[in-house]
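Order as written gives the chain letters A, B and C; numbering starts at 1 within each chain.
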Amino acid sequence: MKTQSSDKNWIHYYFKSTSGVVGAVLVLIMIIISICAAFGWTTHDPLTQNPMDALQPPSSTYWFGTDQFGRDVFSRAMDGMRRSMIVSIVAVGIAGFVGVLLGVLGGYLGKWLDGFVVRLSDVIFAFPAILLALAIVNSLGNSWIDTSLAIAIVYTPIFIRVARGPVLTIKELDYVKSVRVLGFSSPRILISHVLPNVLAPILVQIALSMSWAILTESGLSFLGLGTQPPDASLGLMVSEAQPMAAFAWWTLVAPSVFITLVVVGLNLVGDGLRDSLDPARRQS
Amino acid sequence: MRLARTSGIAARLLSVLVTLFGISVFIFIVLRVIPGDTITGSLGIETGVLTPEQIDDLKRYYGIDKPLILQYFSWITSFLSGDLGFAYSTGVSVLTLTASALPVTIELALFGTISGVIMGIAIGMFSAKKPGSTRDFLGQLFGLLALAIPGFVLSTAIVTIMANKFGYFPNGYEYMTPWEDIWMNLQQMLFPSIVLGIAVAAPVMRTTRSALLETVDKDFIRTAFGKGLNSRIVQFRHVLRNSMIPIVTMTGIQFGYLLGGAVIVEKIFALPGMGRQILDAINKREYATVQSSVMIFAILFVTINLVTDLIYRRIDPRIK
Amino acid sequence: MAGTLVTTPAKAASSELVIGSVLDIDKLDPHTATNFATVRALGLVYSSLVEVGPGNKLKTGLASSWSFNAAGTQLKLVLRQGVKFHDGSTFDAVDAKASIERILDPKTGAAGRANLLTISSMVAEGRSLTLNLSVPNVPILAALDGVNMAMLSADDIAAGKVGGSNKPNGTGPYKFVSWEATQSVKFASNADYWMGAPKITNVTIRVIPNESSILSAMNAGTIQFGIVTDPLIAKQINTKSLKLFKVPALAYYALQLNTKVAPLNDKNVRLAIQCSIDRPEMIKTSMLGEGAVTGPITSPAYKSDINARPCPKVDIAKAKEYLAEAGKAGGVTFKALVTSNGWATSVAMAQNLKAQLARAGITMELDIVDQATYVPRWLAADFTATLANNGGRIDPDTMYTRYFTSTGNLNKVATYSSATLDANFLKGKSSGKTAIRTAAYTAISKELEDNAVWIWLATPYEYRVATKDLKGFVALATGSLLPLRSASLG
């Protein structure tokens, strides 16, 4: 039986969709920018303050102007992109790994494990994210790892849900039931039959969650619970720039453009993946 | 069959209770882990002028002198009997505070969901007319752009532009409940609902668009056509039926998210809702207010989930 | 009335002033009020014996005159006649005595108690209240100003009807009408106010939890008065359409150093920090220029000379010398506790200071926490350094005895005291002569700066925004809204 993503042509279908391609290109550009920032290949140092040059509009020296401390906005935005990317990848990585693990095991093994997984998922879902972030930031510390952890916990239920659904359906399929009766080991069934079918929605959810993670981090920064100054994340830059937008528009524009491009890019990638991985949706 | 259904619902209810219990313990612990307590939360650095005896007195007054387990049981038993606790700073019971804040948040979440669904369906239909075209791409792009702008930026931008350019800022007036002044209330809910609705609109748009696209060359459409039915109506009905499940599920989740995630919008638009109540209480370390408010939220949330689930089962009989 | 020739004046048209504030009040008890919003609001309802007026001068309030005895151990206050509480009862010496007793009662938890501890006994006779002091204490007069020193009705105190959910009953220009938590506080003018009924008949303080939204509300005309604290917002005020009141605040920003913890227990390290700081740069970048360099004492009559410190201007070379003296030529690292939401510019200031210190090889790591977490750590002196926003008073005694005397209840937080400081504070407290007090406080200021106990940075501005229709309003450094009693709209 042909499962959804066992068809290797999905990549071919992916690149046939405009949005998928545009999305992939955008994300790639953002990753390149992040790598450049990681190696320090920025126009200026993101942290150095040059108060003499404070609040200058874009120029040939400072491509996107300077902020109130005389820091180069463009370089900071590049570094911010790197940080937002890292938080997003780590948060979604943890949430995805834990969520899929719990969702698949719970869905497949059923009974009390499934009950526990669903309960846990509901408890986290119903919990105000802000309170969780506040608790983590206050008890563990406020480095980027802690912010990622807070976001990871909040996003785990979504992955549990996305992974568990298909597993429940697949479990009931006749051929899976028969294979179990025949004595095939559970891990083998899980790996060769269950996981491939879960992969598609998971990949899509990863792309979407990564885009949400960047926005969540910005909301947390607005409330003082995200990345801590003087480090920059795109969200923190936007929240710092917002009261100055009336007289220093460039401080808001650079990080906003970067956030928009990466969020739009990730969403388009998610859409492209969804369209190409589900044979029912493929455009002929 | 009947028996299975009833016991299914009973099992569901039991699981809801277990979830709520888990939440109550979780919230209690998390609050106590955070540094600071009600005394420092209310007096700030002036706590330094208090003598140790005064601090003991205050601890007794705020009920934070007993061992944690006792505090938990004291709170949860009061909560279950309808006494949500006391907000010491305002001298008002948490029940009274919640009774005025909760309707605001519910109204906001409701309008946010509705506006999001309307916007999503509208853009989805717009895009689906000519799939793969520029129009389609633009429609999707517009939906995504709106999503990509952080909520607080969009909110502040709307407020600033409306107030400075057009002198229009209904949220600058006293908040009016629908019973006091329905017209003012709707105006005050307008922009916040749109901002919140955007997060809902994006997935709705996507689902509507793909559901519409699916109907294009399905056999049963042709059959219906042959029978003389208007293709538009058939399309619409099909879209509705097939998208109902994901939209209903999504709406349930989104509604819950909106309930909890509206604090930023409430701050910028000065809406006296639960988000602000909880955040302010967290900042003041008013334990009872936070715990009871979060429990109310949780109860609402699991109820919505339960209802969504039941609707889900009715629509899709394949699920046991 | 028929037959009378005197025409009764037309009833004043009612006018309403809506004030936008980010913070809501948090209680109704004036003696325990510490939150700025609460103090501002209750200041409209309650009066104190003395008031701080424009020019930061002490003025008569509910006390119409006062005198010290020669030894400075007895203060006689003559109370104003014809003052009524909002419930109609008369204010007299019995009420004044009861109010002060309530402040002194440890059970009240009054914020101003420490300033009145020298009162050994009081005598209330008719129009006057005499305070007998155990030691000469001249600044006690200035300490009697403010909401924390509000005069309450003795009957209310006896019946326990103060604070909680009890309706405030004061002698101020406005009567308390209602408090809708998180939304608004409403006041109506007091027709029997001793200075004459306020022309603005209704005042509402509306909670708008975002300063940008407050500005928008002013631009849209939905509110007529706004309390702004963020210089970034203040910069956006269109002074063509709105009135901006700007007055240097008495509050000050300082980098408090923990002199008992390494590496700051070495005076040379602290001096190195002092010399690395470029205060004008900090003001320019993190406060957008909206501030003034300051020394320890901000009280106008005794203001510290900002040049009387080892490094009045930034001097990196000298900073490095001090570091070498301390044996730390390679640099020094310490953590600074910073609040993320204590005031608008806290994080910006911390960032700039960090960058400045780095130029001298000093690494200041920022430990940023939210205000409610910051407070208990500050109180426990659980920090090596911390960026603080402390209140100022018009008298240095009330401003600093609790920090820098060995018996001060916040000395643990200040981490420094000495016999000379104690002696000078006592001198300043006991003498009524300006020359002696000035000498004492100059000496105190010098000792604090020479030892770089804290790094005093700057004072901000108090901003008030108002509609152009508001007339007769004067902004005070204390932030009090009391001048509204003489203001009018249009």
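One rule holds in what follows: contacts are C-beta pairs under 8 Å (C-beta built on N, C-alpha and C of every residue); 3 or more make two chains touch, one makes a residue touch a chain.
Worth saying up front: this structure is predicted, and the values here are computed from it rather than measured.
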item	value
Chain contact graph, described as a line, ring, star, complete graph or other shape	complete
A-C or A-B - the one linked by more C-beta pairs in contact	A-B
Whole-Å gap separating chain B and chain C, where each centre is the average of the chain's CA atoms	40
Distance from the mean Cα position of chain B to that of chain A, given in whole angstrom	22
Centre-of-Cα separation between chain C and chain A, whole angstrom	46
Per-residue overlap in chain B, given as positions that touch at least 2 other chains	34-35, 156, 160, 282
Multi-partner residues of chain A (at least 2 other chains)	134, 138, 242, 246
Chain C: positions in contact with at least two other chains	212, 341, 369-370, 373
Residues of chain B defined as touching chain C within the complex	34-37, 40-51, 53-54, 57-58, 87, 89-92, 97, 101, 156, 159-160, 162-164, 167-175, 266-270, 272, 276-277, 280, 282-285
Touch list for chain A against partner chain C, complex	47-49, 51, 54, 68-70, 134, 137-138, 142, 224-225, 228-230, 242-244, 246-247
Chain A to chain B touching residues, read off their complex	17-19, 115, 118-120, 122-123, 125-132, 134-135, 138-139, 211, 215, 218-219, 222-223, 235, 238-239, 242, 245-246, 252, 256, 259-260, 263-264, 267-268, 271, 275, 280-281, 283
Sites on chain C touched by chain A in the complex	211-212, 230, 232-233, 235-236, 281, 284-286, 288, 340-341, 347-348, 350-352, 354-355, 366, 368-370, 373
Interfacial residue positions of chain B with respect to chain A in the complex	15, 18-19, 22-23, 26-27, 30-31, 33-35, 131-132, 137, 140-141, 144-145, 147-153, 156, 160, 202, 206, 210, 213-214, 253, 256, 260-261, 263-264, 278-279, 282, 290, 294, 297-298, 301-302, 305
